[in-house]
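What follows is a pair of complexes built around subunit A, which joins subunit B in one and subunit C in the other.
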Partner chain A sequence: MKRQAIFARLGQYSSGVAGLVLLGAMVLVALLAPFAAPSDPLALDLASKLLPPSSDHLLGTDQAGRDLLSRIIWGARESLLIAFGSVFFGTLFGVSLGLIAGYKQGTVIENVITRVFDLFFSIPMLVLAIALIGIIGTGSISLGPLTIDDQAKLIGLIAFSFTPALGRITYAAALVESRSDYVRAKRSQGASPLELVVLEILPNSIPPVIVQATLFIGVAVIVEASLSFIGLGVQPPTPSWGTMLADARNYIFSGEWWIALFPGLAICLTVVGINLIGDAMRDMLDPRAGVRSGFI
Partner chain B sequence: MAEFLLRRLLLAAIVVLTVSFVIFILARLVPTSPALLVLGADAAPAEIAAFEQEHGLDLPIAIQYAHWLRGVVTRFDFGTSYVSGRSVTDEMIRTVPVTFELIIVSMLLCLVIAVPFGVLSAAYPNGPLDHALRIFSVLGVSTPGFWLGLILILVFSVRAHWLPPGDLPPIRDGVLAHVRALVLPAFCLAIYYTAMISRMTRSSVLEVLGQDYVRTAVAMGLSRRRIWLVYILKNAMIPIVSVAAMACGYMFGWAIVIEQVFNLPGICRSLLAAIFSRDYNIVQAAVLVVTIAFVSLNMLADAAFRILNPRVSK
Partner chain C sequence: MQGSSQPLLRFEGVTIATRGSDSSRVLVSDVDLHVSAGEALGIVGESGSGKSLTALSVAGLLPSGVALSSGRISFEGKVLTELPDSALHRLRGKQISYVFQDPLTALNPTITIGRQITDVLSQHVGGSRKTLKRGAIEILSRLGIADAEKRVRSYPHQLSGGMRQRVLIALAMVCKPRILIADEPTTALDVTVQAKILELFRAIRTTGISLIFISHNIDVVLEFCDRVVVMYGGRVMEVGTAEEIGMAARHPYTQALLECVPRLGTNLERLRVIDGQPPGAQETLSGCPFSNRCPRALGRCHSEMPLSQQASPTSSFSCWNPAPTLAAASAS
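And then the complex of A and B:
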């Protein structure tokens, strides 16, 4: 191997590790928020409002005297919960539908599912999601014993908008796999359809899905922050990176730069970490895929 | 090709009708009447009834939808705004060009940066530009455009006073002021797709470079200039054209946030304002316009790919 190629390999590997470290640190901080945050993220202290970063408040305070570092740490919980949750459900639905469509090829079921994917692909999802959340409102809805709060709504909508892309990728892979010889062999040995789909087709179709799902976690963090920023996501006073930036907008002109800078840096670091992991996984699992970013 | 276009047109029509119908139904199923928001929470029942009658909100939903659709299709009439009482069509005519201009400028900016960046880093792999692209392509897709907007306003407007922090003076009041006001928002809207497209350009050029016809052209002793322009770039740009068209469609979603940050009087900001004031006729019209634009751009992307790539069109 040429020396340059070795360095390139090493570079890919190390960037994936760097991504893991970044995201791992964020997840750890989010999980340990009650212990990691130096003070209560909701505690108002008007005497110390809009303080620049100092040894008392490492990242400064906001307009209500709340410690920014603590709010960013608690905000990590909101962001990561919604991002991981929406990608989890999006993958669950997308993979299930994609597997069914791929396994049932040549049937009406395949036709209906792929048409539905086509339909949802042609919809400007972000615009629709914003309009839907705006109309149904951000408050909690009670459906019998079930309460749908702002978080659940965000997770549902973002998951919904990821489903067709993940479904299509699964479908394309499942289509190839279910025609392959090893699946035919298993079927002739008397394996049930469920066994075939879950034990044979699923594990072999999943690598490209994992790559795309990972990249979608980063997209979800940005979408959640954007929705919260325009007031249609996580609702104040719950700390989230998007709502903190919405507050920051009012203090841009008076020079309180730290309110705008740090929550955004938190978003950037998290998403960079996720994208580095996603890229490294693509190189390992799905090298033929070329560039596949979260297109949204 | 004709059959393909027909199928796509049918799908487009279904998409547009479905989206507008879903928005229409949901808006009317929400328990709070827009009358309460417009007239105030303490409005008398008679006033509310009068308001609902005036705007046809007391009719069955299906009939309301039919009325609305007929108005749009036959007279290009989107009804009146609940809040201002003015024609929604006029509002659309005022705001749509702003958003279209923002998106076109963003895409031009994106291509002007991304294509040379991608081509040069593919031409000199592992060179300094290639390393820069690797870093930029990760940072660009990881930076929320609206946050970049806040930071750029801080740096270029509040500290340096170089560029305006927002608002869009009409172009007839001076081209320079108009263009200056578009620089920051266009850049923030473009950054994500610039990162994505520069990386796609790079891998597309690299793929073409490995093709036999390029090797043949080199072996034939054609000039470097001719090889790059005719053999490499022409073929490498085929997927990029489609991606650029699709990206324009996706930009409408992000424009909602960017127009909010920079206070631009576009259709996306008007949509957001209407969502908060429950001005459903504006929501309805804005979503319809955006959906039609999105669907058309997607069709354009598909058609471009088929026309430029003869192997697919068979």
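And then the complex of A and C:
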């Protein structure tokens, strides 16, 4: 595609571009945290605790004198890693199961997979996550040489709670696609079941999944923050936006507004950015919108 | 024409029914057919006559919920109906190829047409990327796609309906199969494009490949095939060479089909219309499926399925009360 054509098309999705800029900035800051953060996010300095924003501490300090800006920057790492990681694995599992169920329609396999999806659908995502954390506990556990820290646990947990929704979307699309003429035609040309699923059904079922997965990145940021806020997620002193909010709740009414405001703003801007991207993707991938051409 | 002693493909008593123990419906019953090497067999019938199911059953492509309930299909001496699916999918595309009705939906919209052709080639023939690509370009240009070097990089939506049908035929022909099964390959196309695609099939016939050509248009089939099978309600009504069917059909249904098509040199004021509806798959019939619409139906037509009668060494029909041939009727 010509460069002008790309810009012309992006112009139709200016809100999506805005979202991309927002999220891109967050990701960049998170990646460059060691260089971008003005000071150590864990360094205690009780002499300068609860300072309002100033030229020394752009966003102020918290109750232990830690620089808020540095903590938000390092927290971006934690929050975004968990968000992207959980959506990646959730999509991987959900799409695989959905494709199998859709391709094996009319069999026991289809019934088992879809009924399990239904089962987990009946429990709200956050409640499910809290219940599972209650079972596996917080902190890191060791399985032989493998250490699962709370970050990996959170990724797995949120991925698990996303799997049924993404799986069902994939299943619905795969159900339609596997009955389509070109799959039948491909079968008549001697393609194996694996080829049919990977080359024919998957690429044609994936657009709605991409949209939902994008929106789920925002949800994952919120879930991570919520779990950390109630003490079931990332454990202090590691900074994450959720734990920072949890620390801040004691200071909201005593006038130290900056401790709660800035992490909250970070969450808010990230989620808005992701949702703008998700909405633009939905419009782009919607065949009825009439602007689709080979974007997968 | 080759003798029928050693046919390439043979159907024996093929019956296709919906699966399900309590509500099994017979959709195609007791079909006996054969296709010799290099021969073109036409199958004619209305929608729901079972012609597509018959064709799909060859390579085990029946839709889920429908299955062969009895009979056997053999190809080059191998009994296809007893082969496992893994063996069948090596035959599909390589020995037995299909071209389906709707070229607009039969190509994967997310893959370039060149890639779709090289995929089939690499699966059945193999070779380096370069040879595969050359093979794809060669078959496309041989099937009349101009500028094939550029076209291999196109996606299906960038091509017209006629071009897409050519691509589908290319996909079916690229591995040089023994038999090509074309299920209404021109129905979804414009009339002018139809003529060009038929021209293409005529050219394909000269390569010695066997062809099963399915259509609801009896004229196309008569013009184009060596032998013709007329199906109705899941049964074979009449079989014969194209000349026999066109000039000396005995079955009232075949005659009705012929009279539905305008012809030069005749002075009909109105074209014939076959009254009534073809039987649905829900109705269980004891007699001839055409009996409710047949002007010549006798009492026993409604209760007893007529047996196949030999009318000539190459033709047979299933009717209790066959009509005189159209030629004889117009002479009297």
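Throughout what follows, the second predicted complex is superposed on the first by the 273 of 296 C-alpha atoms of A that agree within 3 Å, B and C clash if a C-alpha of one lies under 4 Å from a C-alpha of the other, contacts with A are read in each partner's own complex, and residues count from 1 in each chain.
By our rule, a residue touches a chain if its C-beta (ideal position, glycine included) is under 8 Å from a C-beta of that chain, and two chains touch if they have at least 3 such contacts.
These numbers were taken from a predicted model, which means no experiment stands behind them.
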| item | value |
| --- | --- |
| Side-by-side fit of subunit B and subunit C on subunit A, or clash | fit |
| Partner chain in contact with A:Asn204 - subunit B first, subunit C second, else both or neither | second |
| Touched partner set for A:Gly106, first subunit B, second subunit C, both or neither | second |
| Partner chain(s) touched by A:Ala225 [first = subunit B, second = subunit C, both, neither] | first |
| Of subunit C and subunit B, partner touching more subunit A residues | B |
| Contacts of A:Ser140 with subunit B and subunit C, given as first, second, both or neither | neither |
| First, second, both or neither for A:Ala131, with subunit B first and subunit C second | first |
| Which superposed partner A:Val271 touches (first subunit B, second subunit C, both, neither) | first |
| First (subunit B), second (subunit C), both or neither touched by A:Phe253 | first |
| Nearest Cα pair across subunit B and subunit C, whole Å | 21 |
| Doubly contacted subunit A residues - partners subunit C and subunit B | 293-294, 296 |
| Contact footprint of subunit C on subunit A as seen in their complex | 105-106, 180-182, 184-192, 195, 199-200, 203-204, 293-294, 296 |
| List of subunit A residues in touch with subunit B within their complex | 4, 8, 118-119, 121-128, 130-132, 134-137, 218, 222, 225-226, 229-232, 245, 248-249, 252-253, 255, 257, 260-261, 263-264, 267-268, 271-272, 274-276, 279, 290-291, 293-296 |
| Subunit C residues touching subunit A - in the complex, by the definition given at the top | 59, 61, 64-65, 89-94, 97-98, 100, 102, 105-111, 119-120, 123-124, 155, 157, 168, 171-172 |
| Complex contact set, residues of subunit B against subunit A | 11-12, 14-15, 18-19, 22-23, 26-27, 30, 126, 138-139, 141-144, 146-148, 150-151, 153-154, 158, 165, 196, 199-200, 203, 207, 246-247, 249-250, 252-254, 256-257, 260-261, 271-272, 275-276, 283, 287, 290-291, 294-295, 298 |
